[in-house]
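What follows is subunit A paired twice: with subunit B in the first complex and subunit C in the second.
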Partner chain A sequence: MEGTTGTMAVISPEHVGTDGLVGQGPTRRKVETSVAKWLLMVAALIAGGTIVLMVIFVFLEAIPLIQHSGFSWLWGKEWDVALQDAYSEELWKFGVLPLIVGTMLTTTGAVIMAGVIGMGASVFLAELGPKKIRGPVETMVRLLAGVPSVVFGLIGLTILVPWVQKTFVTDAVLLRYSDIPLDGSGLGVAIAVLTFMILPFFVTVATDSLRAVPQRYRDGGLAIGLSPWRTVTRIVIPAATPGITAGLVLAAARAIGEAIAISMVGGALAFIPRIGDGPIALLEPLRTMAAAIVENGETMNVAPIQSVLFALAALLLLGSLLLSVLARIVFARLQRRMGVVSDREI
Partner chain B sequence: MILSVAAIVAVCAGILGVLVWKGIHAINWSFITQDPNPSIAEGGSSGGVRAPIAGTLMLIVFSTLLVLPISLGAAVYLAEYMDEHSAFTKAIRLGIEVLAGVPSVVFGMFGLAIFTAPWLAFMSSKGDGVEIERAFGRSFVVATVVMALHIMPFVIKVMEEAIRSVPSVYRDAAAGLGFTKWRALRTVVLPAARPGLATAIVLGMGLVAGDTAIVWLLLGGTMTMSGSDQWWLPWNWPALLTGTGSTLTTFTYFSSPAGDGNAPEMAYGAALLLILIVLALNAVVVWIGRRSSEARS
Partner chain C sequence: MKNTKMWSGVVAAVSVALALTLPAQAMALSGSLKLSGSTTVQPIATKLAAAFHSKNPSVRIAVAGGGSGVGIKDVLAGRVNIGMSSRALTTTEKSKGARGYVVARDALTVIVNPQNGVKNLSAYQVKMIFTGRYTNWRQVGGKNVPIVAAGRAAGSGTLDYFKDAFLSGASQSSRVKTYSSNGLVRSAVANNVNAIGYVGMAYDNASVKGLAIGGVYPTVSNARSGAYRYVRNLYFVTKGAPSALASAFITYVRGTAGQNIVATEYLRIK
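Moving on, here comes the complex of A and B:
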């Protein structure tokens, strides 16, 4: 990356185009160069401009909902029944609060879990693990990243859910919480599945951040007599904090948008898990915004449903935009405050 | 530390093990060579996954072909032509970066918002008896376009790194020979970056193969090709491309207990095939990397 700007000045068309040393005429070369530059710029514009189009189109489609019911859908609590009414009678009385809460609960849970497990794995990969097994573990992480979400969902649904049902949903629990359908699917399995879906992504970013910490930091720690473990926990990890934090935020951006797997293991009911129930809340069903979109993609020819699904997509889009920008800001802020020397950027 | 590595290894091995153990029985000759049986919706487990395999391969090939010129152009522009400090550069970079964080389900909705516009009906089909005047907005063409946009930011990022990692000596030497910048790019820089560019494409293919949400929203929930029964005949291809269908991912979703066709053994068969494709693509990436590092040394 360094030095390219210098090179660019040397071989820019103004310098090369007029000397006439090569067999092509200078005019043709100039035309060729400028046409090429324009074509490349168009490609860059498409790449950078898509997000603008996306925001415009998705938000436009959500407008009918706002015309019909203002913003009351944001805090309404009824989703499943409202969807039925919308389908049969074209009513516009949606409540997406359960979906928002469901998304936040699964995302928070998965980010915390992935953070804890991921830090351990990253320290292993970047610092303390025996060099011989780092390679295979890294391959495993890459493999995990390649597993399609529907496969996570399938295994969660056919292996994890029955196991949770058999182990934790006892008759006593069923009796006490008879008002909620408990069948093993729900918050707990959703978090577990989501954790391993975002984990490889976080591990990659965190490992890179640790590796970007200059070697002299480690040498310094060891030189003043710290053990390798303490060198890592007291010096290397703090120095890598900007990248690690940004990685967590980006992992959260992935988690809020996961649709298929959560729709398979979430329990298919827009219920708000009651945190007050303690661990039982982990067994309670939920539905996320992204899951609600894929589940109802087929009934989009009904105007109210179409508009509310676009409203959900708009919320997701907004959330992912905010998280992406937040990751940038967090990274820049922390790095400036800590004065860490690193040539890495996100 | 050891625990978290153990968790990763266990989950990874567990996923592969379960897929092989449960999926291997489903896979046989007729599973691969027959189309899904329409009766799958009633729990019938006959028929196979020929159409979904074709769907996955079609999406991979077409969206790669579509994303290649745009990504390459954008990556070259970002790596070679941009003034790093201009506002334009920063805006483009921010746009690409933010796009990479957008969930695929939102891409799917974006596709529906655009391609249900009536004048774009030629890319899918007219809505069937809907009260809203819109195109159906779901077809292979539509799914291809949106899938290409979805993988674009990732492909650009890897391509840009590949181009940037070409030593600047190459560019200087070309300039010294009197090459224009464009000619140097074409004949020196891009050929030198070829392994990295190929890696970018293969990584993009893996993303296409694994995505479910875009396909589910934009290819419709039909398991067989809706364009025509004999979809493999060339004169039926226009109908095939503007019709709906399925891929291995949506087939897995559909035939899992969560979908309409409750046939877990078929779902596992399709999932195993899917993971084999993903593994093969991964192997190609490793192979490209190894070959290029051998060539360099």
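Moving on, here comes the complex of A and C:
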């Protein structure tokens, strides 16, 4: 194929068979092209149609809940007990607010943390790091992206949670906040685990965005006497902002749906961490929407539980669809405002 | 109903008898069985499956967890051959064709961290703790630290039994952490000095401490004599009459050899 790309640029596509070769019989070419087109369309429909079917299916399954209890489940605050009652008495009185808040808190926290750490890593990888170690570090970051989430959860559960418990959950803290079961698992560890899970996604996008800033921007900065550090912070990073922002939104989309790891370190209680408690809020337990789905999948034979879990799935789908639309809009807006500096699209 | 059950027993007994008299190769059982459900039953089911496999090398038995609700749902949907349950079947489940076979008995054990000084609670105190009325160990004779209660999530047969036996059917309070298996409850209690939980007796090991309830410890002898009251049946569940292989396995489990294995973790059936 590589050898023919040059040719393809000169000869118009109709003269090229699907195998990229030029000069075969016209009939065969036509048949091949139409078969290929047809197959490609099927592939595209499978890929694109799946999301449509999924959305329809998930929303249909959530309808019984809306029929039974309107939208009151959206702001109700009782999840764990409601689940028991739904299981034993088929009650439809759910409150998913703690799950929504839990998802938003963990996602926001992790995006902020990953943003700060990730920017440092990206600037190191794309701009300022010694060339010799950039490669190995970048490989390691990319490997981090492939670690299954349950491994993150396991490390969080066996190392982070006991450490947090020993260090921060003192008897004084326990007595002061005695109405909340504190044991080290909770918001803080959940954010930490999630941060490292989304970090490689953000670093990859941010590094690419920085690299896409044309060299002449850097040359210009250095030429007017800026230090390399200032060139990066005053010129390169601002120029790469559209890509960096889109990277953050993509990382958020990854974080919002994480289930297993959060279920393992979140504290096993659908509690709304009280931000008013200050840093102690980081020790307070929570449950996210995705974690609730994975934890209660086994009780799906009960109609109310099945419907409420699909309602949660619908909320998650909405959330991640909104985030990916947001990523595109932000990218396009910022890029227009700042002038096109990159040939890359997300 | 009763007749077919008896007949399947007879068939299994005959096949075991035949297996003993005929050359092993001719009569050897073969095929595979899938089990899922209660994490309370899982530890013995795994041991029994291994022992049955070593007697019948061409029989493969896979045992998965999931909780009693899953086991019953799976077996009714035909996804597994035998469901495991730590609670009795409901009338709805029976009407769908579910049949339960008692394979062991379990003394539900209330556990605390080994470093906790409390050794005994009354059933009333357990109820007060899990319904959220008591929140400090001082209220039940312990140190002045908050109680962290660890329980099971909806769908657990252990939760159902616990609610019936200790909470007079009431729900666990919204401050009880909920986990999806016996093992997770045990590790939550093992890792937290202030925690209390409840598990099947097979999960009461050195990492936690089983409490006496009303002065009676959940020992095998206390449970068998009836002195320890919180004893429940553990079940294998099939849909309709079990297949020949499933029937052979159930017969083995309920027989002397199987019950000797059951007794390493739980109580023999009566």
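Brief remarks follow.
The working rule: the second predicted complex is superposed on the first by the 316 of 346 C-alpha atoms of A that agree within 3 Å, B and C clash if a C-alpha of one lies under 4 Å from a C-alpha of the other, contacts with A are read in each partner's own complex, and residues count from 1 in each chain.
One rule holds for everything that comes next: a contact is a pair of C-beta atoms (placed from the backbone, for glycine too) under 8 Å apart; a residue touches a chain by one contact, two chains touch by 3 or more.
Because the structure is a prediction, the values reported are computed rather than measured.
In the superposed model, A:167 makes contact with neither subunit B nor subunit C. Judged by the touch definition given at the top, the superposed model places A:67 against neither subunit B nor subunit C. Once the two complexes are laid over each other on the shared chain, residue contacts for A:141 go to subunit B alone; subunit C is not touched. Of the two partner chains, both subunit B and subunit C are touched by A:298. Once the two complexes are overlaid on the shared chain, A:317 sits against subunit B while remaining clear of subunit C. Touch criterion not met for A:27: it reaches neither subunit B nor subunit C.
In the superposed model, more residues of subunit A are touched by B than by the other of subunit B and subunit C.
Legend: residue contacts after superposition of the two complexes on their common chain; A:128 is shown touching subunit B, with no touch to subunit C. Common to the subunit B and subunit C interfaces on subunit A are residues 268, 298, 300-301. Looking at the complex, you find that subunit B touches subunit A at residues 1-5, 7-9, 11-12, 14-16, 18-19, 22, 69-74, 76-82, 84, 91-110, 112-114, 127, 130-132, 149, 152-153, 156, 164, 168, 171-172, 174-175, 177-184, 206, 209-213, 216-217, 221, 249-250, 252-253, 256-258, 264, 267-268, 271, 274-275, 278-279, 281-282.
Per the touch definition, subunit C reaches subunit A in the complex via residues 66-67, 69-70, 73, 135-136, 144-150, 153-155, 159-160, 163, 171-180, 184, 188, 191-192, 194-195. For subunit A in complex with subunit B, the residues that touch the partner chain are 1, 3-8, 10-13, 15-17, 19, 21-22, 24, 29, 32-33, 36-37, 39-54, 57-58, 60-61, 116-121, 123-124, 128-129, 137, 140-144, 146-155, 157-159, 196, 199, 203, 250, 253-254, 256-260, 263-264, 268, 290, 293-294, 297-298, 300-301, 303, 306, 309-310, 313, 316-317, 320-321, 323-325, 328.
On the side of subunit A, the complex with subunit C involves touching residues 78, 80-81, 83-88, 161-162, 165, 171, 174-175, 178-184, 267-270, 285, 295-296, 298-302, 305.
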